[in-house]
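Following are the structures in question.
Heads up, the next two complexes both have subunit A, just with different partners, subunit B and then subunit C.
Moving on to the complex of A and B:
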């Protein structure tokens, strides 16, 4: 089966691109592992908008339903609960739909696979009872899951504030929020305030969250160090040091968040060029104005192109659609392009401010800390292997097994690169990243063996 | 920088030659373009197999087999080697007939490393293999090792023996002046009267730079690793007439390969997995081990290596470039040979000759006209 375009991901970027491509008369297949469209931000929006969750999740959530409806009606071949486990140049997209593997061929591919939370190891992070804010929010949106107390949040960035706000609106419980961002960042961030004011609505929203949280009586802890999760079998306490004094509070659930980073496994595995974002310490694929990677015909839109949030994702989806049509031989509607670019510029206005306010955390990672959870490799072991050989994560992977587990280094990759850079005294971005070894998502032997091949490959 | 010998390539063959040359008192440097073990030696299935070897390779292979059992003596570490045995099964009578002919031929020449076993014995040896088989050839002293532990052990031993190691150091040119090679690299020039070409998939490139163009092919065999399996398969399994190599690692994961070919990445410098080819190659696995259906694949890869016309390696002095020793073309089965080939190459480097018969590995058979390159 051949389509003009295969889109991976039915979040804001993927949906916006599909709608635009269909309007241009191109055939589109959209694969997404979730049961319904919406992506991370609008997960379950069609179902939840009919329930009491809707009010608590906020208007920014509820408005997603309009785009979902347009997407459903746009005539794209939408495949829910479908994992993309490999993309090969030429273009072949390998699908796994309920254990049945097949290949879709396309003239162009758009990766709209979004972002993942930045994994930052700290003491106790592997204890049961510690999870990410993002994971808790997924459970909230897909099953109405409410955290059971005492509940603590730890980290930095807008998401913990948004999540706390949503839980409060549902009458739930949050005992405290530990803000791990450095107070010094605030001065840095202020420099970017004038530009950020172009999107004053978002800033006002953030300020309102802060006010409401303060008013709610939640304990707000700031300017602290050495935050730890404690417990024998599972989490019982969270501890930190404040003004030189050790502090301790009982906790049944500790939700952490240190920002989000683009998911780059697919573009890395295809050998696309990437650039290092030094402030946020992540790799993002190098893209032209249309979102095309250095591999012709492969496009990226949404947070996978660099963290920008939902409105930037929609605009980038639209631009990518125009760029794809252009690559496939169509003329570009200049007015449309200008409109998407204006939307994108406005959506990115607050980004320098937010990036300066919440840079990637820097503290030294203790040797005893578990960095690779899949293969249980500590920071000390990684440092030792890094010292022994060339400054290459693949060398460290071979020597320690870090990054060889089922998560494919999604949890430990950046930490390993950072430890290597520290040991060799080079810049973090220069240590590179693990070679990505397919499949991008695990698939069973049986499913691979029964792979349905496109005709020309048989 | 002047040395007695310079080794090009930090795979296991380069490391083994460097180590054993240094032990003979030579001042040795080794240069590796990437990091040690980046290519075939890190991608290998690490099967330690005398089973089914070409008779021309058997003397070196049997010598290596002895060393694998006492690897600590060579490198101070067992290299994760377990003598779990290797089994080559016959799925039908025709395949069994071929195995029988081979084993009887070996016995006629006084070699007893391979034994024939029947279906019942095979069942008790590998109870987890539930597919139908009529019998097998079996080498109880064979087994498998851990490639990364092996690379580390050879590296540590080579450093201790005084080998100077340079990673991320690519050879870009070779010239001969007054009985000495001048080797230019991305990290400066090296001088040595003897150069050992152990550059794996890029050995033809090195030979060409030295004025000895050779005809070499490329292999890019693929491997699959699954999640940990609950059943236990002790020996390494292959099947007569089929592309299969199947074994369980110490970690419990399954390692499945057998020479199914991937593709060359368009940078020409690495190999990529071809899932369509991989899918078609899983038939034997499903027949012999139907319970693997539900296991998840966590990783796959393809490794690059040079291959020759008859799949026998090239080992020995170049016929046309003085002081150049070739050590490559292992065609997908060079891991087991690492200790013995390193011994021979070190001997050549130090003494200029060896008692070992290398006629089957002479580069003459793959030489190209000089102007044709």
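Moving on to the complex of A and C:
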């Protein structure tokens, strides 16, 4: 099939871009892994808005339905439950839909693949019963599944506060929250408060969550170290050290969250230039004001462009659509551009404040800790391999198998790079990342057999 | 580990699937990973140390929810909505050659 633009991802950025591109008269194919549009933030919004979940999930969730409706009506060729396993310059986007591979040819590609939660290994993080806060929130949005006790949260960032508040609103129970953020970050963050006040509504919302949680009687634990998940076959306890004293509490679920990072596998595999965000310790593709990467015709919008949240994603989606139309020979509507840029600037106002309040954690990673979940490789083993060779994640991968499993380094990549940088005494981020090669997502030979390449199809 | 607050019309229709040879009721629109989490609390045993694992991210990036769905190994069960009559097994150890 041939289309003007392929968009990967039907979250806020992908939907906003599709709507705008269709309004400009361009043909658009949107591939998305989920069964319904909305991305992670608005997952299931069409269904959930008709249930009692709507009130608890909040107005920022409910308002997603308006954009989903416009997206459904925009005339894009929307492909749900479809994985993209390769992107080639030219542009060809290889899809896997219902176990059948196919290829879409396009004049431009927009990657709107969003973010993932930052993997931060801790003792016991592979035990059943331990999962991310985002994962638990997906359970809530996909069927109203509430965590069953005793339920503990550990980590830092806005998401644990939001999730806890949503569970309380539905009459659920959270036993305790272990805040892993360093108290010293607060002073750093305050410097950014004046700019953040441009978006005072978001700040007020955060403050309200904190107040409600304090009132709720949930046990709040701060300034602790050595948080561990304990259990044999599955989680039974969470332990930590507080004022030098070991503490222990029964737990059936331990939900962890340490912020979010952009999804960069596709842009890395295409050799786009990336920049290192030192405070948040992630790579983001280098983009121009339209969201175009260093490879002409390939655009990125949404959290994949750098974490900015839902409103930034919508604005970046709109800007990318204008940029794509411009690249394909259209004139840009200056008023529209100005409006999207103003939206983006407002949406990013709180970002320096949040980034300073919740930087990437820096605590020492013990040698015995499992870093690569897939191949079960410890930090000690990675350090050993790092000392023996060059500061190169690919050498460490070859020596240890870390990053070679099915997730392709999505869970261990940054930790491996960090351990290498530490061993070689170089700056974090200078050790690089694993080479990412297709397929971006696993595909079976059976699915490949269905593939008709454009040359052969002629 | 998880229990729904929804019931009746809000909950949507139930579908019957086969989980390791037994009929199990699931809910339309929930994923196989969600069902495995509720039913067993785990999805697989790792190929390296045979340790139990459960779905971790629920959004397609951790691959800890790999399961055997309708005979197909290494399927990301968090991206797979349940469908009536589906056959589901936990993936224990390394992937085997499909029949």
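By our rule, the second predicted complex is superposed on the first by the 454 of 458 C-alpha atoms of A that agree within 3 Å, B and C clash if a C-alpha of one lies under 4 Å from a C-alpha of the other, contacts with A are read in each partner's own complex, and residues count from 1 in each chain.
Criterion: contacts are C-beta pairs under 8 Å (C-beta built on N, C-alpha and C of every residue); 3 or more make two chains touch, one makes a residue touch a chain.
Note that the structure is a prediction, hence the values are computed from the model and not measured.
With both structures placed on the common chain, the touch criterion links A:86 to subunit B but leaves subunit C unconnected. By the touch criterion defined above, A:394 reaches subunit B but does not reach subunit C.
By the touch criterion stated above, A:242 is placed in contact with neither subunit B nor subunit C. By the touch criterion defined above, A:4 reaches neither subunit B nor subunit C.
Legend: residue contacts after superposition of the two complexes on their common chain; A:438 is shown touching subunit B, with no touch to subunit C. Looking at the shared chain after the overlay, A:453 reaches subunit B, while subunit C stays out of its contact range.
When the shared chain is aligned, subunit C comes close enough to touch A:53, but subunit B does not.
Taking subunit A as the reference chain, the count of touched residues is higher for C when subunit B and subunit C are set side by side. In the superposition on chain A, A:405 makes contact with both subunit B and subunit C.
Residues 405-406, 442, 444 of subunit A are contacted both by subunit B in one complex and by subunit C in the other.
Across the complex, subunit C is touched by residues 33-35, 40, 44, 47, 50-53, 81, 83, 99, 116-117, 126, 128-132, 134-135, 138-139, 142-148, 170-172, 233-234, 252-253, 263, 373-376, 405-407, 410-411, 441-442, 444 of subunit A. On subunit A, the positions that touch subunit B within their shared complex are 86, 88-89, 94, 101, 103, 271, 389-390, 392, 394-395, 398-399, 404-406, 408, 437-439, 442-446, 448-451, 453, 457. Those residues of subunit C lying in contact with subunit A across their complex are 1-6, 10-12, 27, 29-31, 34, 37-38, 41-42, 46, 48-49, 51-64, 66, 72, 74, 78-79, 81. Residues 34-38, 42, 148, 151-152, 167-168, 224, 226-227, 256, 265-267, 273, 275-276, 278-279, 282-283, 285-286, 292-301 of subunit B touch subunit A in their complex.
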